[in-house]
Amino acid sequence: MEIVFLTFILVLSIFLGFELINKVPATLHTPLMSASNAISGITLVGALAIAGSTSDPVMANWLAVGAVTLATINVVGGYMVTDRMLAMFKKKAGK
Amino acid sequence: MEIVFLTFILVLSIFLGFELINKVPATLHTPLMSASNAISGITLVGALAIAGSTSDPVMANWLAVGAVTLATINVVGGYMVTDRMLAMFKKKAGK
Amino acid sequence: MLIAVPREQYPGENRVPMIPDSVKKLIRAGATIHIETGMGNGAGFSDEQYSEVGATIVSDRAALLTEADLVLRLRKPAIEEVDLLKSGSVHISFLDPFNERELVEKFQAKNISSISMEMVPRITRSQKMDALSSQANLAGYVMVVKGTDALDRILPMMMTPAGTLKPAKVFIIGAGVAGLQAIATAKRLGAKVTAFDTRAVVAEQVQSLGAKFLDIDLGETGQTADGYALALTPEQLQIQLDGQKAEIADSDIVITTAQLFGRKPPVIVTADMVAAMKPGSVVVDMAAENGGNVEGSVAGENVVTANGVKIIGSGNWPNEVPRDASQMYSSNLFNLVDEFWDEEAKTFTLDFENEISGCVITHEGSVVNQMIAKHYA
Amino acid sequence: MLIAVPREQYPGENRVPMIPDSVKKLIRAGATIHIETGMGNGAGFSDEQYSEVGATIVSDRAALLTEADLVLRLRKPAIEEVDLLKSGSVHISFLDPFNERELVEKFQAKNISSISMEMVPRITRSQKMDALSSQANLAGYVMVVKGTDALDRILPMMMTPAGTLKPAKVFIIGAGVAGLQAIATAKRLGAKVTAFDTRAVVAEQVQSLGAKFLDIDLGETGQTADGYALALTPEQLQIQLDGQKAEIADSDIVITTAQLFGRKPPVIVTADMVAAMKPGSVVVDMAAENGGNVEGSVAGENVVTANGVKIIGSGNWPNEVPRDASQMYSSNLFNLVDEFWDEEAKTFTLDFENEISGCVITHEGSVVNQMIAKHYA
Amino acid sequence: MEEVTINALIINFAYVVSAALFILGLKKLSSPATARKGNMLSALGMLLAVVVTLLDQSIVDFKWIAVGIIIGGVIGATVARVVAMTVIPEMVALFNGFGGAASLLVGWSAIAPGQSSFTITTIFLSILIGGMTFTGSLIAYAKLSEKMPGRPLLFSGQQIVNSVLILSIIGCGVMFVNDPSNVLWLYSAIAISVVFGVLAVIPIGGADMPVVISLLNSYSGLAACAAGFAVENNLLIVAGSLVGASGIILTQIMCKAMNRSLSNVLFSGFGAVKTTNTKIEGEVKPLTPQDAYYILEAASSIAIIPGYGMAVAQAQHVVKELQELLEENGAEVVFGIHPVAGRMPGHMNVLLAEADVSYDLLMEMDDINPRMANVDVAIVIGANDVVNPAAREMEGSPIYGMPVINVDHARTVFVLKRSMASGFAGIDNPLFFKDNTRMIFGDAKESIGQMIREFS
Amino acid sequence: MEEVTINALIINFAYVVSAALFILGLKKLSSPATARKGNMLSALGMLLAVVVTLLDQSIVDFKWIAVGIIIGGVIGATVARVVAMTVIPEMVALFNGFGGAASLLVGWSAIAPGQSSFTITTIFLSILIGGMTFTGSLIAYAKLSEKMPGRPLLFSGQQIVNSVLILSIIGCGVMFVNDPSNVLWLYSAIAISVVFGVLAVIPIGGADMPVVISLLNSYSGLAACAAGFAVENNLLIVAGSLVGASGIILTQIMCKAMNRSLSNVLFSGFGAVKTTNTKIEGEVKPLTPQDAYYILEAASSIAIIPGYGMAVAQAQHVVKELQELLEENGAEVVFGIHPVAGRMPGHMNVLLAEADVSYDLLMEMDDINPRMANVDVAIVIGANDVVNPAAREMEGSPIYGMPVINVDHARTVFVLKRSMASGFAGIDNPLFFKDNTRMIFGDAKESIGQMIREFS
């Protein structure tokens, strides 16, 4: 049955994704892109999960650790860069 | 685990609901209301489901059949009324 | 009912009391119209145009007047002519009753119902008969045209390859009907317009035309029910004069439209103010004919002061656009007659229930207008 | 370098070639300026204002001219006065070289570099010296003011309690600099404006001012590099006349600004067209002074036709706003002098590399301007 | 549905599809152009859901189901077809009530021995919400269809009673969850919820019913959602929560449109006061520029009647822009100029000329009045006296007999002004209270500016 | 996760929360005002997710994880902090690539004997998409950072090669699903996906990279989603599909902004032609009125330079409205009037006076030029010759030496005109090609109208 739920979730989130990003100012395109890119670093969670529960420790570990590393770069870097961009944007809009 | 999925689904659909109805013209308030009211007639499905799979046939049947009847009124009536409303609206917008 | 329209006799008057169009309407309403030969010429209407719509052209002025049940004209009649009128007949025109006591008493004596266009009450419903407004309105426009023509500069701003010409400054004192129209016209021509009026209520109206309202705090100033200004106390007047000085000295054109209903207009631009103006600049005094707002203005003339300022007092402003002025006055008259027209009897019958009857001065041998009566008493 | 500015002598001319402001600039640039007594009066500038900025006031006109290295003036000089000028000196003013052959040859003989303001080439860069444009521009404005003043109606539409006054119809022929400004001014006053020009390119410009362009298909019509119109063929002119008839008969004011550079202006409003107009309406003929666009217009006068149409030909339009006209002409002159001013030597030195030198007519004893030379040949 | 039959899989994926259809439907419903299509889509979704669900049924109960569906379908269809447009709100209320009742019954019938306390809770919720939605909607229906006084019914101690009810509901809930077998708790829960529904709605004024219905609608959504949890049916959850969420939003929007807060509407005391207020004022119907836009967008013939207020607001330029936008949108626009509009003769002409409005669009009073009946929307911009029907209707009025522009003869009238203040003549204006009049309060320039921004 | 540990429950509800945070984050990110907050929120969601996931780990691998996290964290943080603002697009590309790689690895490591073919499929997908996202992003990075020629790299038969690749991918997929134990298929799948990523991106021009990145970003989302299915983790699915969906939308929006269709961008042939085109034109940068609005909104000092085009478009009224809106928005607005702007002396004055623009706002050329350097945005409305820098810069030019308004000294220049056509003087205008110039093509009135409508 899970798969049914999962599809439900998939469908719903896709719709939601569409709705959310309906009209964004061009000024926000890049930040938005890099932010959602950071989100896509969610694989990190997957990686972590795997790194724990897998049938073939040695092999999987290496893969998983690699995954964790890369994903972390993606996540950390992504969020920070985004924040930097938005920071300057704020300043401008601020005044 | 199901309950987790269900909550996911719940949360997502709530967000979606909000996003969808964000700004509607007053002209559409009533149609929209009655349309979504019709949707809420979805209990019909529940009723049908029950009416089939239940431990206490006699009792449940009566309830279920009642449910089915009422829900159907809600669904059929709801959609048709909505359509009538929108029909006249269309006419005006049409020209 | 015989309605007579004599030819205007005031020298230089080109406006006419009735244009063919209104005559037609009256005839359709069931009146008989006699007009004096050449009555319409001033405004460019030929006798033919009138006879075409059904009026009878009469060359004998005396006869015309004596037979008439109702006489329509623009300016007040010569006293002698009142004698010609039928007793019980009606006479409608400007009368200036505040200053024409003798004339009014003549009407009274002759038992003629005389109606003064000046006295049409200023209620929303009666605006269509309000000749003061309709003529003042045109006056406002004409004064600006005259001023513009006389000025040695152009009104609008122009940024050109040969340098920038600053917009001319126009200052308008008195923002009544005439004043507002003057503001609008000057604005249209691109001038920088400032205006002042003692009635604080008009500040908003001035701004609604995109002009600046000069703020001078005069304290308590009033206006009549009809919206006419009350006279200022000497102190207030002084405050006003001081307040305007700078603005006037700085202006290229000053236009004064300040009037006090039934009173001599106040002097609001003094000789020293004029002296302080730039050579070549212009002052237009609307009230020049009856006293004048401007010291040194001469009724009916344009004078140039020692320091080269032109003061225009030609007066009778609407007369500069006789065609439109006549059309408006004529429909004012028609609307007034129509207001009291008795459909059945096809006669003009005064109804003293109707507030508009406030414009009747004499009736059945007595002065029925309270304001005037009081004024004489 | 001594620059002399004599007083204008043309009767009724109030414009002056130099205003104190420009004099100041020239002096700052290192020139010595002599002006004739009262030179600035016409436009309201006193001798004091000039001396304040450093000019020397000279009462002896002859002396003034004989000493001058450079003479600045508005209108073409009297021939006799050319004799007074130094050989090798420079003379800048309007010259009308096409028609003033004698005068030009005089300059040539006296070996004077004469510059004609009419001949300033019409390139974007030179517009700041383009006196034809700057004066034509003011003329456009003045003509409308004159027309408005003469009309027996008001221009704007007014819906009033005393009926609706339709907007006046204004038809402007020739949408050059003057024409366009006339359109703009009439529009400002609220008139319904239609315009026509032989150069199809201006249709867009007319519309860009919110006016209507009258479409008459004349087939091929040209314009010079400077944007001046070429003369029409007789057939084309006929087509134009027929095309305009209806519009003119229907108009309250007709303004003609049609010119042909260096040629007699075409007659584009014929007597029968005028006869077809309403009594009280007005025709303004910009070109009245040099031939006229309108049949029956008299240079420098306002005539009233049999059917009561006023034809205004007073001419010298910018002279009606001498202050602004002088300011513009004066800065045109300044910009021209400045263009050829030699910073180091502090002298006015012609540079024939510079295309603007196209305005030089005679130089070192010969007619250097090709167009003129051809015209004489 | 413990073990996964292939059948169940199909059904569930079908559910996913119909959920998607509902979503799309709602999305389209929120724009006038696509609304009708949207309704179709979601109806389609519903059909799909029902059909596949039926696949799952054993023939035994099938006939009963058929009976139910047929009865319900016929009733619903006939009612929906026959009712007059005017009574549609009542109808919606009624349908909504049935929906609630259905959830109640579903929840009820879902009870089975040995369910997890979570399931029981959801069952209880679906019953509870279903019940109060049911009666609440019925009351709303009654009030709207004047089967019952529209004014708020208040009795002293109402608050107390309500609180007591709520407490006892919770009580029952707890008990029921602990011991589902004991039907007493069930029945009393049902009873209370039903009563609560009634009490919750009677104190609310008829004018506020639309809001209430929308709220109840959202509840019935939640009820369905709860039922979904009870019978572990995803579609119910999705659809239910969609309706629940959107219903709430919609309610808020509606409150905003009548500038009320939701609590205002719900909390009897206040609700009551408020409604009587509006009564006193007569029926002044305010409108937001945004909503005005939607009406304008649909209008084909529009008359603009400017007055002194346009001058004060210096709105002539935006008015001109509005006119152009309306024309681009295919509407025919004219200006009706009253001779005394403004404060000087030709006041409006000066301004409109400045804004370059073509003279040909300006109509005199006598020309525009005859065609007023065919005008979809008459936009009165800062005019008051010159459009005051009192001049025709009220013998006594100081302006009685003065010809005015009869905007009230137009299908709809927008009046743009800052307040209910009177104009130059200082007299009240019955126009503002007419049925077809909508007041757009605020500075005319602002208001029009906002309308313009809706075009895009 | 077959049997439900209470631990797992907690984790999963935490996931629900962080999903909600992601959603809120994205929502806020789409409005300038709240964007930063949004980013924080979604970061918070991420943190939460990571933390709770870690709760689930046995201490054994924990150190490895720690290692990975620390390394990754440090790298990410430093890179993010040090890089110059200008290279941010590259960075995003790079990070995105890593994300893709991560999904690849996750999928890979998720392989385990006895998985349902559905799971295998999802695994395969996550590997595939992850791989091509990885290399694709790297190429994009290389192109942007000019580590590699920005121009489209084309070789004959590219299409064929690509099709072959796609087919073989499918092939591998099928084989792999049938027999997951056989790692050959796995490796070849990885290989191909990596290659495909490269080939897909190299034929696209550097100018189009942003679009490509956004697309790849959406892919990496899908990869994560697939991985989610593989490891049966809802959060991955939710977050992944959110990113996937929003990424697609974003990509489309971006294409619209550069008015291209997505296929234009992707399909090498066309992509190539297009990019070279723009090269030839020099760097003309078009801008939509909508985007112009966002720049204007942030500007504090604005100069409007009208020309003949404003007259032709009769845009004076909208210009006036724009000025007012900008002032309301706190900006200082002046008009720079060139003496020969238009077609008659004072042409601009006539129009601006008609629109009632206060005289005090009109500045002469000589007054405005000195302050031009402090102007945030100079809006050139249908002017051309009078703002032509050639008058200063190009000895040869016919207008050389004529004083012009030096709009090019302003920080940003908007030029509103219908085309690249020249003005009255008939000469080209280098202004249009300057770095700080943006061309807003279309009738001036239209364009400004659209900007105005963005204010609301």
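Going in written order, the chains are labelled A, B, C, D, E and F, and every chain counts its residues from 1.
Following the convention adopted for this analysis, contacts are C-beta pairs under 8 Å (C-beta built on N, C-alpha and C of every residue); 3 or more make two chains touch, one makes a residue touch a chain.
Keep in mind it's a predicted model, so treat the numbers as computed, not measured.
Trainee: What are the chains that subunit B and subunit D both touch?
Mentor: Common neighbours, subunit B/subunit D: E, F.
Trainee: Starting from the Cα centroid of subunit D, hunt down the chain whose centroid lies farthest away.
Mentor: Ranked by distance of C-alpha centres from subunit D, the top chain is B.
Trainee: Same or different, please, for the subunit C to subunit D contact, judged on whether over half of the interface numbers appear on both copies.
Mentor: The interface is built from the same residue numbers on each side, given that over half of them are used by both copies.
Trainee: Provide the C-alpha centroid distance between subunit A and subunit E, rounded to the nearest whole angstrom.
Mentor: Distance between chain centres, rounded to whole Å: 39 Å.
Trainee: State, to the nearest whole Å, the distance from the C-alpha centre of subunit D to the C-alpha centre of subunit E.
Mentor: Chain centres of subunit D and subunit E, defined by C-alpha means, are spaced 69 Å apart.
Trainee: Do you know which subunit B residues sit against two or more other chains?
Mentor: Residue numbers touching two or more other chains: 1-3, 5-6, 8-9, 12-13, 15-16, 19-20.
Trainee: Would you please write down the residue numbers of subunit F that are in contact with two or more other chains?
Mentor: 23, 27, 234, 238, 314, 339-340, 345-346, 350, 353-354, 356
Trainee: Provide the list of subunit D residues touching at least two other chains, using ranges where the numbers run on.
Mentor: In subunit D, residues 127-128, 133-134, 137, 156, 158, 160-163, 165, 188, 190, 210 touch at least two other chains, as defined above.
Trainee: Chain pairs that touch, all of them, please.
Mentor: Chains touch in the following pairs: A-B, A-E, A-F, B-E, B-F, C-D, C-E, C-F, D-E, D-F, E-F.
Trainee: Going by the contact rule set out above, which residues of subunit A touch subunit F in the complex?
Mentor: Spelled out, the residues of subunit A in touch with subunit F are 2-3, 6, 9-10, 13-18, 20-52, 54-57, 59-61, 63-90, 92-93, 95.
Trainee: Could you list, by residue number, the parts of subunit F that touch subunit E in their complex?
Mentor: Interface residues on the subunit F side: 314, 317-318, 320-321, 354-356, 449-450, 452-453, 455-456.
Trainee: Where on subunit C does subunit F make contact in their complex?
Mentor: Going through subunit C, the ones touching subunit F are 156-165, 167, 190, 192, 210.
Trainee: Once bound in the complex, which stretches of subunit F touch subunit B?
Mentor: Per the stated touch rule, the residues are 1, 4, 8-9, 12-13, 15-16, 19-20, 23, 27, 234, 238.
Trainee: What residues on subunit F touch subunit D, complex-wise?
Mentor: That would be residues 308, 311-312, 314, 339-340, 342-347, 350, 353-354, 385, 398-402, 424-425 of subunit F.
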